[in-house]
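First up is the structure itself, then whatever we jot down about it.
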Amino acid sequence: MSAGGAVRASAARSPIEYEDAPPEVRAVYEDIMATRKTDWVNNYWKVLAHHPPTLRRMWANAKEVMGPGALDPLTKELIYMAVSVTNACRYCIASHGAAARNKGMTAEQYTELVAIIGLANETNAHAAALDLQIDEKFR
Amino acid sequence: MSAGGAVRASAARSPIEYEDAPPEVRAVYEDIMATRKTDWVNNYWKVLAHHPPTLRRMWANAKEVMGPGALDPLTKELIYMAVSVTNACRYCIASHGAAARNKGMTAEQYTELVAIIGLANETNAHAAALDLQIDEKFR
Amino acid sequence: MSAGGAVRASAARSPIEYEDAPPEVRAVYEDIMATRKTDWVNNYWKVLAHHPPTLRRMWANAKEVMGPGALDPLTKELIYMAVSVTNACRYCIASHGAAARNKGMTAEQYTELVAIIGLANETNAHAAALDLQIDEKFR
Amino acid sequence: MSAGGAVRASAARSPIEYEDAPPEVRAVYEDIMATRKTDWVNNYWKVLAHHPPTLRRMWANAKEVMGPGALDPLTKELIYMAVSVTNACRYCIASHGAAARNKGMTAEQYTELVAIIGLANETNAHAAALDLQIDEKFR
Amino acid sequence: MSAGGAVRASAARSPIEYEDAPPEVRAVYEDIMATRKTDWVNNYWKVLAHHPPTLRRMWANAKEVMGPGALDPLTKELIYMAVSVTNACRYCIASHGAAARNKGMTAEQYTELVAIIGLANETNAHAAALDLQIDEKFR
Amino acid sequence: MSAGGAVRASAARSPIEYEDAPPEVRAVYEDIMATRKTDWVNNYWKVLAHHPPTLRRMWANAKEVMGPGALDPLTKELIYMAVSVTNACRYCIASHGAAARNKGMTAEQYTELVAIIGLANETNAHAAALDLQIDEKFR
């Protein structure tokens, strides 16, 4: 990449592996692996690594939002998948689908998840088409 | 509404109350109320009621998809809300937010739900911008 | 609006009525009314009128795309509504719903339109969730 | 698939061919083929077949919504495509594009369809940006 | 709000004014006002304030992402508006439209912004409909 | 393509190269290349070329909207990318990403662009979930 000039698309998008990463990036990778109890880091983080401040910022966000809380870990992934399917994000559907399965999602739960996402997208469209007025009891 | 002619917007969209509904519609309302253990029916159903076959079809879908299963009732509503927020459907956000609260969603859970929906919409956008390739381990 | 400075939101968004419009804008209004056989112009055009080149450009687009062709006028409005509902655009749903009714859309057709839009949004979501591979026969 | 455990992604997404399908699934396939006058079933149905109740439910929905009615079959497919393009659903665009062609869509009609979908997405965005107020005449 | 129970919708969504805010929230409000050189805080922050950790997290994100950088402040707001219009988010369109005007957006720039957003939504739809293949020169 | 009959998907979507183009299409290609100071035309135009009136219409739109104005050329591409990423349009992200780089977008600017697009999609979702009311000061 030339100084202050254009960036080649491929260069800015190839994953940076642990072996090739500077110390500040390795530190984030290590925290991801320790937190998630894995021995590898996925492409989302390895591509964000091209800009370490963004890698740090997004990991801090994910750690806080997806960490232990009032919702159990599997439920959090199901919510994440619902958004990702609605946005048709192939990467996130694959990534969070895998996370959901690792957190115990069964085939039956998966089926129900997909059915709910579909039904919700349908009734959202109905609501728009029919210009539904919000019921007083819901306010 | 004139035969074979135009339909006035407002006529086709005003909720049909139980008192004004024909027997076939009342039958569906009664099943909704019995299933949901409520004494009223919301605007979504009361507007679909203008076309009884659609009312029946959508209630059959909702009853099957949102009924007891491998996912608990609250989780099903959280998934529904995740889709509805992503689609910015005001009616469905209000309707399913109320349903979630009725099924026990606490303030803390609500906060986490909103945070996850926001984060997922953000990372979905990152994934598109960065043209992330799906990791082999996710296939 | 001050020269080269900020624009107040409301000023740039209030409809410009025929009576208050400069000749170049009136010319477009007249073509709209002549083409659509109406005696009034809706808010979309009257707000675009703040920038006459954009008003001209968009009317030229609409005239060409929505004019007589291989699809009949009502079908063109139904397609327009399908997009507008999917995008939950309240203004366009109202505007094109009225246009569809003026072009003969019956209550039954309206019901079927809404049902198809809902079903399509549902199966689009299923397709994303299930990562459906395109059948050879469709290529 | 192990009892109560994780489901492998690929297993739950491979199409189930007629030859490998249990009787209850074959029954639905046969009704699809008889209704659509074809000798094959596409991947959407063959993947849903992993959960026969969902296959039955969605075929019942499609049969009712896309069956004969006040809108002709081609118009129904054009509406379906308008939604699918707006949602950028590659599978559905391919599937319903093929269906539209089978129902008589000409090259000229296809061109007009694409042009309308594009224009509607554009004006929907304008309406949001300009916060257009719905005209009284549209209510 | 009752312990472990439901949260009333309105309670969790009313803005918390500075006067009524606990010290940890006031600290964030003060940093927002100091950074943005304003004497008030908008509803987005005042509603997030119901959960101080989220208020802190989102302000940290906004401060880093929207702060001084390689893109000038007005350009950052124009990008923000492009996303918000595409998602038809009324609140964000109003909020960031005001921010853009405060940062010097002229009426002419506003017109061009809206035109580009519209055109991009149109060609995005064309690209999906036509299943455009990415040119080699773009990879 | 047979007269009045179906159009094969692939035929209507293969790019028409300059060498194979009729004079009216070549004229548009030449104007594109002259305006953009390039010696080639991308797939978007070469596929639209199947319908010369649409090719002309869309080039006229793009020439007017993306031409010199109150916003500099790079800013216009950044706005275009913000929309395209939000719509997850792979073709347009690649095409306009290349255009942005050609107009001087640096790696740092690219990083900031992606961060803003992500943050905006997140806060748009928050705004919908929280049903934020527009502040008086924004009207």
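By written order: A, B, C, D, E and F. Residues from 1 in each chain.
Keep in mind that, in the parts below, a residue touches a chain if its C-beta (ideal position, glycine included) is under 8 Å from a C-beta of that chain, and two chains touch if they have at least 3 such contacts.
Since the structure is predicted, the reported quantities are computational estimates derived from the model, not experimental observations.
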Any chain touching subunit A and subunit C at once appears in the list B, D, E, F
To test your reading of the model: what rotation angle superimposes subunit A on subunit D by C-alpha positions, in degrees to the nearest 5? 120
Note: among A-D, A-B or A-C, over half of the A-F contact pairs reappear in A-D
Across the interface between the identical copies subunit B and subunit E, with over half of residue numbers shared counting as same and under half as different, the residues used are different
Comparison of C-D and D-F by number of C-beta pairs in contact, larger one: C-D
If you take the mean of the Cα atoms for each chain, which one ends up farthest from subunit A? C
If every chain is reduced to the average of its C-alpha atoms, which one ends up farthest from subunit D? E
Cα centroid separation, subunit B vs subunit F, in Å, comes to 34
Whole-Å distance, subunit C centre to subunit F centre, using C-alpha means? 20
What whole-number Å value describes the gap between the mean CA coordinates of subunit B and subunit C? 27
Expected list for subunit B, residues touching two or more other chains, is 9, 61, 83, 86-90, 94, 97-98, 106, 111, 113-115, 117, 119-126, 128, 130-131, 138-139
Quick one: label the inter-chain contact graph as line, ring, star, complete or other. complete
Tell me, which parts of subunit B touch subunit D in their complex? 9-10, 53, 57, 60-61, 64, 138-139
Would you pull the subunit B residues touching subunit A in the complex into a rising list? 13, 40, 42-44, 47-48, 58, 61-62, 65-66, 69-71, 75-76, 78-80, 82-84, 86-87, 89-92, 94-98, 106, 108-109, 111-113, 115-117, 119-124, 126-128, 130-135, 137-139
Residue numbers on subunit B that touch subunit E, as the complex places them: 88, 94, 97-98, 101-102, 104-107, 110-111, 114-115, 125
Footprint of subunit B on subunit E - complex, ascending: 1, 4-9, 12, 50-51, 54, 83, 87-89
Of all residues in subunit F, which touch subunit B in the complex? 81, 85-86, 88, 90, 93-94, 113-114, 117-119, 121-126, 128-131
